[in-house]
């Protein structure tokens, strides 16, 4: 079984890095996977990829050691299983508001007897190895997103759901839900208080915490705060900021 | 007729900026077109787009004032006309080695009586306006690339070809052809001597010169040297450099 | 914020026109958007587009003043948010049978505190403008379809749901549900009685009513009956009727 | 109305053959459809096709007498209707665990008054004929999958659901759910006992039974056991086994 | 061997009808193929399809009796053979200016000993039948376009080229080349004189003549003038005219 | 630099195996690449892939040790360079009839000073390594096809062309050109005499010979005859034969 590099980093006591793919291009994905991040997330929710794009993007990562995550479109059985069959080693599920939501996610993300995931990981076996059946439920990382007031309120019960590895914080939506602007790199003290609280409670529960960041500074702050998996930047974001800066510099 | 923003810049005596698209994604193209560059080039030669990708990418730019260029796959009638029918306002043609090559390019890039371009710009009319027939031959910018020893040798005769607006320097291939490493942001004095010579001879011939740059510093240097159109950076390049730097910074 | 042309027409007391896209082609979409209709609907239910097609089609409209609507595949959070993130300024939701269905639609179509739409409208901001966060909930038009006996029965309670702009009548399904043939351009008096009743009750509730029409005659009848948004024809329908007529005429 | 070849076989008292498409290619689908199988299933669950791929694959079958089945991604209204609108003459629905699940499937697979399928089978009419409205509910074959312990337990009540033509056995998932390895061509006596029991109870209830097989030997065994529709092999499976054998033979 | 319906019409002494596909959608192609035209042309020159689109569009026609034509991107071996391998029963080649151009076209369109077409018509055999090898060179219709002054001048020698079935007139380019506006439905007497002259000389040479028309009236005029194959209208054209008229009528 | 497995086999004095991809699916390509063949050819001539499909298929092979070959659509600079930029480690060029044809192929397949290939192998570097510039011209295998009477006649001069690694025999076209049926697994003694002659002359010239085979028996015969690279079977071929045999066996 191909190991999950994020778990390996965790076993070494280190935070793992993550890169975010909003675009729909297997070419962009392949360049991203060669950057050296521990993991790459295909964003099937707010990104622009369909299932067939997602598959091509994950295929394009297979020659590297960056492992594929998928941010699911929604907490739906069909989507959960398509992402896993494509070879995902990590699932980030948006808008989990309760332990029931989290249990629903696990139900379709794990094979019997732990869940009811349906068998058919044809391509995933090519990526992972022939012992997929016996290893995947321990290999895949499943992270419900905490990004609503409801989810934040239910954090402790969500963290207790069997099969969950931890939680992933969506700071934009969390800020929005708490009444602030939806800015990834927020400076709002109340949002940061919530972020830190989530990290602390996840650590206290012996679970992992992960987060989307709007800047490297934020990523470093999150890492130092105890986050185990940190999305540092992404394809569109890094292109837009670098290319915009280049134009300004050129036009000076 | 929608004006050609690059020509407008030229009429103001300014250098125009260009952004390079190697990827195949209309989403990336749309984000790029909102950055404010004067023009965006879809690279159909070393980029990853097919004709249908090129079309979607050009469509995605139409709501902005960045005008679409295409770097042709090759100096072939079918490709030249597909790029123009898609709405291109600029053509960059690789590996032009002689005045005959340049005349071949013009032959299929201009309508009778100047050339033999075939009629059918259905989509281009949507983009440009109903006076396309009468305006396009004066609107479109056609730039043969000078990127081989042969092309450099024939520079003056290429610059004299009727219908050519100027030349576009490919520094990587030019360096390679002159016996150096194919590095866009080259430091080779002999390559720079050739680049400067091309700029001077194009200016002396009252033609435009354009160039692909490997860094903003190079872009500024080229602009100050008299280049009229400067490719400052591109999608994959800016993403890779910014995302690589972010990872290094995160892992410190 | 780019204005919603349909709302502008409504503010002028006029009915807005709508064109329907069943095909999956961004090229067809761009030609359609240049026809002058106030709005263009990508049909993600009975049409042939996937999410990536939908995105390309909406991108291709952006240079025109025709605003994009999406007829959702189904009343599902993932689909609702993909359509809005793509830039939709109008949502038409099939098979809404109750006020609960309508509330579910609104829940995922509006940002907190009105709903629970998740943040990430990267491309929509390119289309709309940087004040998207503050304007979109007032800009987007949300129309549950009344096209079943159940939905018709619950019309008044559906019209009362907060956030709903009005209702969209699907005459084929409504006819089918009432026991008649599913013909868009139906002549059934009982179906027309229902259609007129829906228009009247929507107007009485100070809400908008919209409708899919099978002919221009029907479209005019609907407009004169008080409908505020009228789908006049669509891509496949207009091509099939015009091209079929041309063949008959040719073969005479 | 184009007849359903599987029903024709059944009327002749014969078992019908089925071929499975996991890939996403209309080219592969067209070659498959020319092999002579009675039916071809596009696997939208564990296969690699999106809705647009599914449509192209079904279009590519239309010139043959092999009729299209779709194994649904999930028991969801949007997916059920997309498959039927694309022209499917058979639906195989994964993970049906109860009579309620089966009724949900029928609800969206049949037109009023039997169900609530929404009207819009534009392409399906091209394939089937103009009497689609009156014939399709009797033509299409709807088969919930029995592939979980829960579904197996509820088999009799599922078989009683009005509109269901029978059941389709997923031996891999059934084996997994019963505590065995998920192998299509299983040799487990307890799994085979369940398979045979399902066949017997379906036959006793005057319903059809169908099954996915991992080998021709298994397919023949199933047919002789009373299965009415037998998936004999598929695209990826047959390619991998034949091409693997060829390499072994070549390297001897 | 599946017969070529256009040849059948010719054998009956009738003009054959043709429909033009500029879009890139297999869905549009399938609807078009069900309209009843004798033949459908995929326009790979000024249309928007790549080779993979062309293939899907041709696949979608296979269940109908409308036979597929391809207007080639250019007179290139690779393109000629891709169109034929996809199953084309007719080739329309743009911008043929001389007998040499026509011979080049035939060289790659016919198998040895008549030409040098390369073997590999895998999909074409599915469409045509197993006797493809022996029948296709007599079945396929090859039509160089006469649409330039040069081609018109060389008409007689082009008509004499062995393997050519006749010529196809492109009136827009012909008008442009003769110094007039490129309008398909031209009223220019000098263009019509040329058109009629081409028809007469083709008929005199016992060859076929075909033409693209900008209106049904023009199509009828061409038919009555002796044209054997008449492109009556197309997908984008018929949609734009019908949908534009509908909007005008609605807005009255 | 990632080594070329075919060259490695050759250095061990062994024949290398090759698998042929006619389909257009990256999924099929990934399954194929896991079969263990030394090399996989994407057929861009008679197969169904466009450039973007080719790229996705080659990306999907990168995690395996099977190296990518491309059979070019035609001997055209644009196509040659697209295949190499995509990462091809082998080129098979159809219909090479003379030493001039072979020199044209080499001219665009090798960097200066050996040829005029243009720089821009962005993705190829990801696959191969950062020393691509210095290694690729020695790594890539370039094989003109001998498949016409003309090419066979010119065999010796073709074998002498600098940069050519050997020749690839297309037995179907060769048979056709010699006046026989185009059958890959031909039994014609005169065709086999030519095949053996080509093998002998290539070996005598210290060049490699390669061949497409229609059966494993033919593949073994070719290997034993001295062929260094043998295409044993392909995706569509192996699927069709295995799936057809399964149906026959099932229906017994």
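We just call them A, B, C, D, E and F in the order they show up, numbering each chain from 1.
Going forward, a residue touches a chain if its C-beta (ideal position, glycine included) is under 8 Å from a C-beta of that chain, and two chains touch if they have at least 3 such contacts.
The shown structure was predicted, so the numbers you read here are calculated from the model rather than taken from an experiment.
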Quiz prompt | Given chain B and chain D, the chains that contact each of them | solution = A, C, E, F
Exercise. Could you find the chain whose CA centre sits the greatest distance from that of chain C?
Key: F
Practice problem: Going by C-alpha centroids, which chain is farthest from chain E? Tell me that one. | Solution: A
Practice problem: Using only the C-alpha atoms, find the rotation that maps chain B onto chain C and quote its angle between 0 and 180 degrees, to the nearest 5. | Solution: 180
Exercise. Could you please state the distance in Å, as a whole number, between where the Cα atoms of chain C are centred and where those of chain F are centred?
Key: 52
Self-check item: Length of the line joining the C-alpha centres of chain A and chain B, rounded to whole Å
Solution: 38
Practice problem: Report, in whole Å, the distance between the mean C-alpha point of chain C and the mean C-alpha point of chain D. | Solution: 34
Practice problem: For chain B, write out the residues touching at least two other chains, lowest number first. | Solution: 22, 24, 27, 31, 48, 50, 52, 55, 76, 122-123, 236
Quiz prompt | Pairwise chain contacts under the document criterion | solution = A-B, A-C, A-D, A-F, B-C, B-E, B-F, C-D, C-E, D-E, D-F, E-F
Self-check item: Contacting residues of chain B [partner chain E, same complex]
Solution: 50-52, 55, 76-78, 81-82, 85, 111-113, 116, 118-123, 133
Quiz item: Okay, in this complex, where on chain F does chain D touch?
Solution: 17, 19, 22-25, 27-28, 31-32, 35-37, 48, 216, 219-220, 223, 230, 232-236, 238-244, 246-247, 249-252
Quiz item: Residues of chain C touching chain B in their complex?
Solution: 26-27, 30-31, 34, 55-56, 59-60, 62-63, 122-123, 126-127
Practice problem: Enumerate the contact residues on chain E facing chain B in the complex. | Solution: 22, 24, 43, 45-46, 48-50, 52-53, 73-74, 76, 79, 94-95, 147-148, 170, 172-173, 176-177, 179, 181-182, 236
